[in-house]
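First chain A sits with chain B, and in the next complex the same chain sits with chain C.
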Partner chain A sequence: MEDLTGETQAPSLFDITISESVIYSFEQICKWVFFQLYVVGGSIVLGVLIALLDSDSIERSLYSKFGEYTYYVAGTFVIVIIIYCAFLGLLFNFALKVKKGMAKQDVQKVEQGVASLKIYFILSGIGGMLYILTLVFGVVRLGYT
Partner chain B sequence: MEETNKPGSIFEFSFTEKLKGDIRMAAIWARVVAIFSFIASAITLLNSMRNGSLFFACIMTAISVTVSIYLFNFGAKTKKGIENVAQDELEEGLNDLRSYFKISGIVLLVVMIIVFLIITIKVL
Partner chain C sequence: MDTEQSSLFTLGIDDITQSHLISIAKWNRFLAIIGIIMSLLTILGLLFGGSYLFSNLSTFGNRYSSTSYNTGAFAGAMLFYVFFIALYLIPCFFRLSFANKMLKAIAANDQQLLNESFNQLKIFSKYWGILTIVVISIYALILIVLLLGIMFR
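What follows is the complex of A and B.
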């Protein structure tokens, strides 16, 4: 925080503070974010295992639906999963840095973590907008979703 | 005077301007995401009324709306808390974000278990 002379000031006593309650809330948020990431990670591992164990029948089933485009569809699916993982990496970064920052009382770490959360919500917003446009297009133009 | 992080200072661990700005921005976008989620739920519900798959859509919409309400509250309360320097509202907002991640995590776990059960039954 800078005053008129350009010097950095300590925050006012009447400003919002990182109280015990805020620290507890952030720790709980990180805990549940990690829980969510474990669920997604476990699901991806299980999905890959099922795909490996039953690759023949999955390939046959996909081929009966998509024909010659089977490998394009499978490739697109894998790319979507990779993008989704990169997207969840932002949440992981948030939880890891905020947890460390809170434990070591390092504001810079907390700042980096919260910046990741901000980007996560911005990308979610853009994704949500595209999803709604797709839904509206599907309902209005094609008559279904 | 430089900002310090030395233990013992009452200012040792406080919100910096950047941190407040980022939390405020995250709150604004969280509210946008929640509003989009409400709209998407409404469109899905309306569409399912036409298609006749109302029961499943109602369950999905109820879950989606419940989760989104927490996200919306996080956005609204946290933004207000930071702008009005209201500690209580900021803390309430963060609690809503915790509930959002908690409920969405549990719902995700349940959905994943159901999906894997279906896949396993089909494969076996």
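What follows is the complex of A and C.
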């Protein structure tokens, strides 16, 4: 099967297709995903700028709370932000590739976007599992004390 | 729009995309169920742990130790928490609906269900987008009030 760009596509095993309704839903999903990513990205950039501008008072405040562990705490915080950005990158990849795939009628781009979304939800699910495990561990520990 | 079956172009859902969609639907169902259970547990915790919260409110000091104040504060805090739990609970149902419909659509090879499932995912995304706008608006309002307060101090 060839698409409009001339590339060979994997044949559809099913009768279900990306209909006009699905295209509309995908467009809307991408639009809202982009919006939320811009908001989150803007917030992170704003937070980093504030942290850079007011680094002295933040450092003093952290030092009063964590003492010699200040830089470990700050480093952990930066690593968590980087991991979070990478996590959001999957969502960005999904929205971008699906949008491009829809525009160019390229099923492989759409497929790559959907694969990114799958990884995003798998990581979200693992995060959810870790959250529940932590919660159960906390409750059990609270019961013992 | 949602009832239309026509395909604009010949993009079929092949076996790879199908496996991705099944995986997405299963994880979404898991996340939705976790979200619903956690929200319900939080509500139960508030209901049964409410008396503990209520008793602790009397430690605010003599000025706020009247029974009517405590009752009001307790009711306010409960409403506040229930409101936020409800805000979180609603999209979990959209997510669950998306997952169930997607799995059924792929199993039954049903185009209509596939359209509906993506529509649910669209509503889910739109919901969080609108909520983000509301939160940003509240922050903007707080900022404006703060600036006005500083200007007219």
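Odds and ends about this structure:
The definition used in the following text is that the second predicted complex is superposed on the first by the 127 of 145 C-alpha atoms of A that agree within 3 Å, B and C clash if a C-alpha of one lies under 4 Å from a C-alpha of the other, contacts with A are read in each partner's own complex, and residues count from 1 in each chain.
Note that contacts are C-beta pairs under 8 Å (C-beta built on N, C-alpha and C of every residue); 3 or more make two chains touch, one makes a residue touch a chain.
Computed from a predicted model, the values in this text were never measured in an experiment.
In the superposition on chain A, A:I132 makes contact with both chain B and chain C.
With both structures placed on the common chain, the touch criterion links A:T17 to chain B and to chain C. A count of residues in chain A touched by chain B and by chain C gives the higher number to B. In the superposed pair of complexes, A:V107 makes contact with chain B and with chain C alike.
By the touch criterion defined above, A:I50 lies against chain B but remains apart from chain C after alignment on the C-alpha atoms of chain A. In the superposition on chain A, A:T70 contacts neither chain B nor chain C.
Of the two partner chains placed by superposition, A:N93 touches none, neither chain B nor chain C. Annotation: chain A residues 1, 9-11, 13-19, 21-22, 25-26, 28-29, 32-33, 35-36, 39, 105, 107, 110-111, 114-115, 117-118, 121-122, 124-125, 128, 131-132 touch chain B in one complex and chain C in the other. Across the interface of their complex, chain A is touched by residues 1-18, 20-21, 23-24, 27-28, 30-31, 34, 105-106, 109-111, 114-115, 118-119, 121-122, 125-126, 128-129, 132, 136 of chain C. Within the complex, the chain A residues that touch chain B are 1, 7-11, 13-19, 21-22, 25-26, 28-29, 32-33, 35-36, 39-40, 42-43, 46, 50, 53-54, 57, 105-107, 110-111, 114-115, 117-118, 120-122, 124-125, 128-129, 131-132, 135-136, 139, 144-145.
The part of chain A that touches chain C in the complex is made up of residues 1, 3-4, 9-26, 28-29, 32-33, 35-36, 39, 105, 107, 110-111, 114-115, 117-118, 121-122, 124-125, 128, 131-132. Per the touch definition, chain B reaches chain A in the complex via residues 1-3, 5, 7, 9-20, 22-23, 25-26, 29-30, 32-33, 36-37, 39-40, 43-44, 46-47, 51, 81-82, 85-87, 90-91, 94-95, 97-98, 101-102, 104-105, 108-109, 112, 115-116, 119-120, 123.
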